[in-house]
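Okay, so chain A shows up in both of these, paired with chain B first and chain C after.
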Partner chain A sequence: MVALSIDGQTVEAEEGKSLLQAALDADIYIPHICSHENLDPVGACRLCVVEIEGREGACTSCTTPVQEGMVVTTRSEKLKQMRRLSTELMLSGHPSDCTGCPKFGACELQSLIQYLEVTDQRLRKRVNIVPSDTSNPLVMHDMGRCILCGRCVRACGELRGVGALTFIKKDGRTRIGVRDGLSLAEADCRFCGSCIEVCPTGSIRDQEGLLDPNMNRKAAIVPCRSTCPAGIDIPRYVRLVREGKPSEALAVIREKVPFPAALGRICDHLCESACRRSELSDSISIRALKRYAAEHGDESWKAASRQLPPTGKKVAVVGSGPAGLTAAYYLAKQGHAVTVLEALPEAGGMMRVGIPGYRLPVEVLNAEIDEIRKVGVEIRTSSKVASADQLLAEGYDAALVTVGAHKGIKLPTPGSDQAGILVNAEFLRLAALGTPQPVGERVVVMGGGNVAFDCAGVARRLGAKEVHVICLEARDRMLASPEEIVEALEEGTRIHPSVNINEILGKDGRVSGVRCVSIRSFSFDANGQAILDVVPDSECVIEADTIIMAVGQRPDLTEDFGLPLGRGNRVTVDEITLATPKPGIFAAGDVVTGTKSVIAAIAAGRSAAASIDRFLGGNGQIEEVLAPLSEPNPVLGTEASFAAAPRCDCPEGYDDEKAHQESSRCLQCDLRLRITEQKFWSAYSHR
Partner chain B sequence: MSLEIITPSSGSTMFTETQGFPALRKALSMGREALQAQTGLGTDKTCLIARAFDAESGAAIRSTLLAKTPLGILEGLGIAALALGATKAILALATPTEALNVAIPELQKLLPLEIEVRMIQPSFMAGEDSALAELLKGKPAMAGGHEDASTLVLDAETLVRLATGAQTILLQVIGAVKQEAIVEIHAGTTLRQVIFEQCGGMKGDKGFKFALAGGPTGAFIPEAGLDAPASPGTIVVGDESACTVDMAQRCLAFTAQEACGRCLLCREGSYQLKEILSDMASGKTKAEDEAQIRELAAAMAEGSLCPVGRRAADPLLTGLQHFPEEFEAHMKRKRCPALVCKKYVTFHILGETCTGCEKCLGVCPEEAIEGEEDYIHVIDAKACTQCGLCFEICPEGAIVKAGPLKPKTPKEPIPVGTWKKR
Partner chain C sequence: MKQLETDVIVVAAGLSGLAAAISAAENGASVIAFEKANTTGGAANMGMGPLGIGSNIQKHQMVSLTPFEAFRKHMSFTHWNVDARLVRDYYAKSGDTIQWLEEMGVEFFGAMPAYAAPETMKPYATSEATWHVVKPIGGGLPGPRCAGAMMKCMTERAEELGVQVLLETPVKKILVEDGKAVGVIAVDKNGEEIEARGKAVIIATGGFGANPQMLKEQTGFEWGKNLFSFAIPGMTGDGLNMAWEAGAGKTPVTIELMYQIPDNMAHFAIEGAFRQPCLWVNKLGNRFMNEDGIPNTTFTGNAIVAQPDHVCYSIFDAKLLKHYKRNGPDIQSHVHPHDIYQQFDEAMKAAFAEGYEHVCEADSLEELADKMGIDKEGLLKTVEEYNEDCDNHYDSLFDKDRAFMQPIRSPKYYACRQYPGGYGTLGGIKINHKTEVMTDEHKVIPGLYAVGVDACAIYGHTYPFILPGNTMGFCLNSGRIAGENAAEFINE
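The block that comes next holds the complex of A and B.
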């Protein structure tokens, strides 16, 4: 440590630190723009000039290391004039008006102009018209606003080891651009966004519309993590997979969810749709990497897992689906005694009886449920709960209702009263429990969501020879995930999008087929009645002996349960606390939201656990850090054809090499958040 | 370029061709410390860069050395490497030099030195040490980056001096002298001697006005400075027909065009100065311009990252210093006393001298000249763009430039011989 005086204030600073940084750290503002805390200083903008006793002239504080006993003046008329001149020079080639600039209000230059009270009026204007380059889907260059501070070049070169950006001298003008006249992709840009992050002006920006305006900026920068309902730290675990540390990767996933293996197979992966990579080539196969981590990681995550001492409180969880088990798991770790009451003979809820075993093997699920038992959760199967009040009467301090939405909807289509008509939830449940409903040779599934495709797949496995999936939605609007659709097609299932079933045909009280029409579009009126735009003369008949209706599910609850039911038979709760009007009774998951995804249910389970913990006197703090928080390597280097690197899909699960290959495609969008945010002058007390 | 090379009449010269690396052999036998003491090269370096090309177009000192004594450069490089303990050397050239191909392996028999010959595209910035180092790394020639303390750039002239032991310096004199030449002189020789003795005096025996020493970022030397010892580098000599404002403007325009632009003050400062000068040469000077020149020049000199920016304002500042009347004439009275700055000049055809030869008629790109054979030609001042082509071509010297005082000339073509000046 050395001690020095800055504007009469004694400041301590580590040896080797720059004078500028020492001042800023001591809450003393010195204007600067080409210098950035994370980059090597250059001294090119001369805004940070200071006077040092015993030294001739003014020197740039960013390039001057602190010295014991230094006496520094950061404010004088002369320094102010020099700073103003520098700023005026920067402005001479800069647009005069900030209104309309996307960086307005977040621009370091704009703030500097304010601070130094300068305009572009005094010096001669320099025409600087550069069309903005929007050719890259992620990074846009608007070099008409560039002040050539060089931060981006240093960030790309020194910080990231990429060197895609450079100063370019052409026709007597210096500009910033991609090296050798290449596109970013050709120059092996890693699309880390660091250039965007360090640019003090609006010259390098995230491509228009890329950042989700409904998220705060930091969240929007890492869209995968912010889109994951449970907030799994995706870039972190993907990076750990790349580094060959599947156990740490698994621990990162485990920080947010108790079902890594299940999710690794069946998560509906909204994160992948949000992944920035998809703008370049294909999204990262985040789910498959999760499966890899779950399959290859060991149990080291348990070392840091929180287990609080017993609180003496008892909690009942009704329903052992993803929401219920997740809540049970975290509540038990908070020290509460948790009993899960499951009506069916098997635990797992929709993961067990909704998702077919060929997608989520029973052993995988059971192993994860066993981990939940290991933290002390008692699961009682075949234990139907008749009413909410009964639970409180039995001495539970709180109860969580997570019974899901297990009642399939049967449409009143003409002819739907005949034999041979099955309903999604029941069909899948009975099949999963080993007592399947028989199907004929020709099966028609009504509906276009994932459940419909699951029904189709199960029907085929039960012996159906010909399976048709018929839905109102157009092919590109179908609700099922693309993988499921592709898989079904591969199995030979025929898909009929944009088709309405007008009538179920029958013979002798048994289904014999469906009469359909093609439609151009459809909508629903206020009463939920479908309004169809029918293609004339498109009627046709598809023969079938079994019809499976897969058009939605609702909670299998009645008023008798004692909770107020709202639209779609769903339980109404307080949005934040998930509390029902009945004190001590909470509800979460599909029973509250209607059919959603497993990961949404898990996220709801976490919220419920936190809320119930608070209700029981805890602090509701269920967050854990299970993997060491290591500093990621900031140097990315170059990789040939990085931008185009294709996604690697592998139905049987990745081996080490494939996992490395896929995880290496990640842009590590979170890296740029590690770049220190630059504070404006107004944030310093001595300014 | 067939430039005359003028060597001193006595003592050793840099242009002696050497064979067999005698100086290097001697250095090898000396021991490093003695060699360091003798050469003044001390601090350890790993890599040496020999600058054997000329950065500015028109400059020729280094390329001439390379052509005349490539082995001298190479030998000097060997000696420097020995003194500095360098293991690697890069010879940066702009002209392929065959002699080196044979000589390098020869030298390497004496000294374990990795030598790489690199052909580069010469540019003004490549003349800057740090920019040259960047260029050789395959990056744009930008100065002011992080300097690598293990690398040292040495000039061909320095290297040849190491090899030959010559105590001379080299100048390249161009412009209004009788003999443009590369002049080798002993320290202490004055600029007056160089211009009036070595280079034979002023071309056309016109009066000397200035010497601009040090290229586009150099300084004006007026008549009064001629008796000081000349310093090495390029010298542009101007006679009384040259304008210092015009010259300074061209220097700043060049620097603004060529400077790498990494640092703000040099990049934008030289642009501002160039604009101020071009306004000065075209009657658009603003009241605050002179103060702005001083403010910008001082900031550039103090705050630029490399010598280019630190010296960029020198032509302008020394011009203002030594030729205040000429600058003031441009700024305050909108005149170019030397009749160089176009906006202050008009062209006229003297009725008494024009022979009606029609030569100017054919050359004027603006068709601003009216006339026919045996008629006195007339320039339409409104259409004339002051390009000066007619002025150059007229065999009779009938076309003249004028400032505010215009000669009387016919209003329209009249037969030759009928013009009477009243």
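The block that comes next holds the complex of A and C.
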């Protein structure tokens, strides 16, 4: 440590630190724009000039190391003049008008103008004609606003080891651009966004429309993580997979969810749709990497897993689906005695009786449920709960209702009272429990969501020869995930989008087919009645001996259960606490939201666990750090054809090599958040 | 959720919000100001200075305009279509507000008119010297952004008075209980929610110039199609929507109209080059104004809105271009560089290379009409008549200044489309002369105030450029009025 004096104030700083950094750390503001805490100083902007006793002239504080006994002045008329001239020089080539600039309000140059009280009127104006380059889908260059501070060049080169950006001298003018006249992709840019992060003006920005304006900026920069309902730290585990540490990757996933392997197979992966890489080639196969981590990781995550001492409180969880089991798991770890009451003979809820075994094998699910039992959760199957009051009467201190939405909706289509008509939830449930409802040779599934395709797949496995999926939605609007649709097509299922079933035909009280029309579009009126724009003369008949209705499910609850039911037979709860109007009774998952995804149910289970823990006198703190928090390597280096690297899909699961290959495609958007945020003049006390 | 408590909550720390925060604090209130951006000042960072009437500066400059004279001018200009009491209170305070700023350390270059009307227009549309332009410290002429120095002084003054300014912390909702404003919900930069409780809430979010959907709904203009106004990031109508949700009444919303070329920042040299009193026609090829009036961006903006498809064309030929290149522009602007024509050729080349469709050059007037989509016969007839007038040194159609009567007959020909442009939006939240927010039934919502352009409905149809500095003037003075009233209200 050395001691020096800055503006009469004694400041201590580590040896080797720059004078500028020492001052900023001591809450003394010195104007600067080319220097940045994470980058090597170059002294180019000359705004950070200071006077040092015993030295001639002014020197740039960013390039001057601190020395014992230095006496420094940061404020004087002469320095002010020098700083103003430097700013005016920058402004002479910068557009006069900031109002069209997306960086308005977040611009370091704008803040400097405010602080130094300068305008661009004294010096001759040069108009810097550089059309903005919007050709890259992620990064846009608007170099007409560039002040040549060079931060981006240093971030790209020194910090990331990529070197795609450089100073270009041409026709006596200097500008910043991509090296050798290449595009960013050709220059092996890694699209980490650090150039955007360090740019003090609006010259390098996220491509328009890329950041979700409704999201907090930091969240929007890492869209996979912020889109995940459970908030799994995706970039962190993808990085660990790449580094060959599947056990640590698994631990990261386990920090937020108790079903890594199940999710690795069936998660609806909103993260992949949000993945920034999809703008370049194709999104990262995040789900497959999760499966890899779950299959290749060991149990080292257990080492740091929290287990609080018993609290003496008893909690009942009604329903053993993803929401219920997740809540049970975390509540048990908080020290409560948890009993899960499941009406069916098997635990797992929709993961067990909704999603077919060929998509989520029973062994995989059971192994994860066993882990939940291991933390002390008791699961009683074939135990139907009649009413909420019964639970409190039995001595539970709190109860969570997570009974899901297991009652399939039967449409009143003409002819729907005949034999041979099945309903999604019941059909899938009975098949999963080993007592399937028989299907004929020709099956029509009504509906276009994932459940409809699951019904189609199960029907085929039960012996159907010809399976049709018929839905109102157009092909590109269908609700099922693309993977499920592709799989179904591969199995030979025929899909009829934009089609309405007008009537179910029959013979002798038994289904014989459906009469359909093609539609151009559809909407619903206030009463939920479909309004169809029918294509004239498009009527046709599809023969069938079995119809499966897969047009939605609702909670299988009645008022007798003792909870007020709202729209769609759903339980109404407080948005934040998930408490029902009945004290001590909470509800979460599909029973509250209507049919959603497994990951959404898990997230709801976590919220419910935290809320119930608080209700029972705990602090509601269920967050865990299970994997070591290591600093990621900021140097990315280059990889040939990085931008075009194709996505690797592998239905049987990745091996080490494929997992490495796929995880290496990650743009590591989270690295951007490790770049130190720049504070403006008003944030410092001494200025 | 984090909990905060204070007397007065100010939503956004731009010019009006800071004025409100400072004056509330000066009157003894504790104040928290929430700001979405990571710097204070909002759109005012871009401006040059506020209106003031009866300031010491004006007295030294022999400007004799009084607040009541200004009031009468303003009310005539707006045809008495607006809240006279609010206009009166605003102008009456505006001179003192300049002193108030000077006491904070703001220095002014002087009181200036916004532009000099041509001789023929002086009796109808001249601009008074009410614009107090901020002086750049340490030299240089005032120019765009010089008001940044004022924002610095105001920010420092607010901090000195103990105002807590929370940056990157947008307000999401105004809390109303028993019909009274009692606080806000905000979200900080890490995404954490904050519930702030106070006795008064002052909305100062700056309109919705950057919200195309609201622009369409509230003004009928389609941004990017027939309107190319400034869209300052963040000006998305948060305050209006929150106020309306809280029960505030609505006023019509207008835009401070002017005109500009599409994507003007990327084609700054072209915009400056064509903003000259050459030949201006509409889609039918007809002239529609005396072109010496084009420095009056307000009237010209209105005139363009009155043309078919809200578009017009500014045209000159090779001879005029040579004249501009040699002598500089006929009309100097304080926005566009003075040596703009030295960059003209390069700028045109770049625009063509990029496929920018709003400018063209042509070897004949027919080709020009085709390229720009102007009625060919109409244009040819207009040019013939115009050239004849030029030869006679007299504009028989509109009496344009004869110095600018230069014929269009030397190829090449150059043309550029001009569209309505504008600053931000004006108005939306119904207030009274104390800046208290009212319902549509003129009932005050206790504790809720709105200031600045969110509530500026005193201009009627057209920005009163005759009393320039008016937007910043209203922001400052409505802010001060709100701060004072809120401080009084909380003591009641």
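The working rule: the second predicted complex is superposed on the first by the 687 of 687 C-alpha atoms of A that agree within 3 Å, B and C clash if a C-alpha of one lies under 4 Å from a C-alpha of the other, contacts with A are read in each partner's own complex, and residues count from 1 in each chain.
Criterion: contacts are C-beta pairs under 8 Å (C-beta built on N, C-alpha and C of every residue); 3 or more make two chains touch, one makes a residue touch a chain.
Computed from a predicted structure; not experimentally measured.
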Which superposed partner A:150 touches (first chain B, second chain C, both, neither): first
Contacts of A:132 with chain B and chain C, given as first, second, both or neither: second
Partner chain(s) touched by A:57 [first = chain B, second = chain C, both, neither]: first
Partner chain(s) touched by A:43 [first = chain B, second = chain C, both, neither]: first
Comparing the two partners chain B and chain C, which touches a greater set of residues in chain A: C
Chain B versus chain C as contact partner of A:120, first or second or both or neither: second
Which superposed partner A:169 touches (first chain B, second chain C, both, neither): first
Intersection of chain A interface sets (partners chain B, chain C): 81, 122, 124, 126
In the complex, chain A residues that touch chain B: 34, 40, 42-46, 49, 57-58, 60, 81-82, 85-86, 89-90, 92-93, 122-124, 126, 147-148, 150, 166-169, 172-174
Contact set on chain B toward chain A in their complex: 125, 139-142, 144-146, 256-258, 260-265, 267-269, 271-272, 275-276, 288, 292, 295-296, 299, 302-303, 305
Touching residues (chain side chain A, partner chain C) in the complex: 80-81, 84, 88, 95-107, 110-111, 113-115, 117-122, 124-127, 129, 131-132, 144, 216-219, 680-683
Residue ranges of chain C touching chain A (in the complex, touch as defined): 36-43, 45-46, 136-146, 148-149, 151-152, 155, 159, 165, 167-168, 187, 189-191, 230-234, 264-266, 268-269, 334-340, 343, 346-347, 350, 353-354, 423
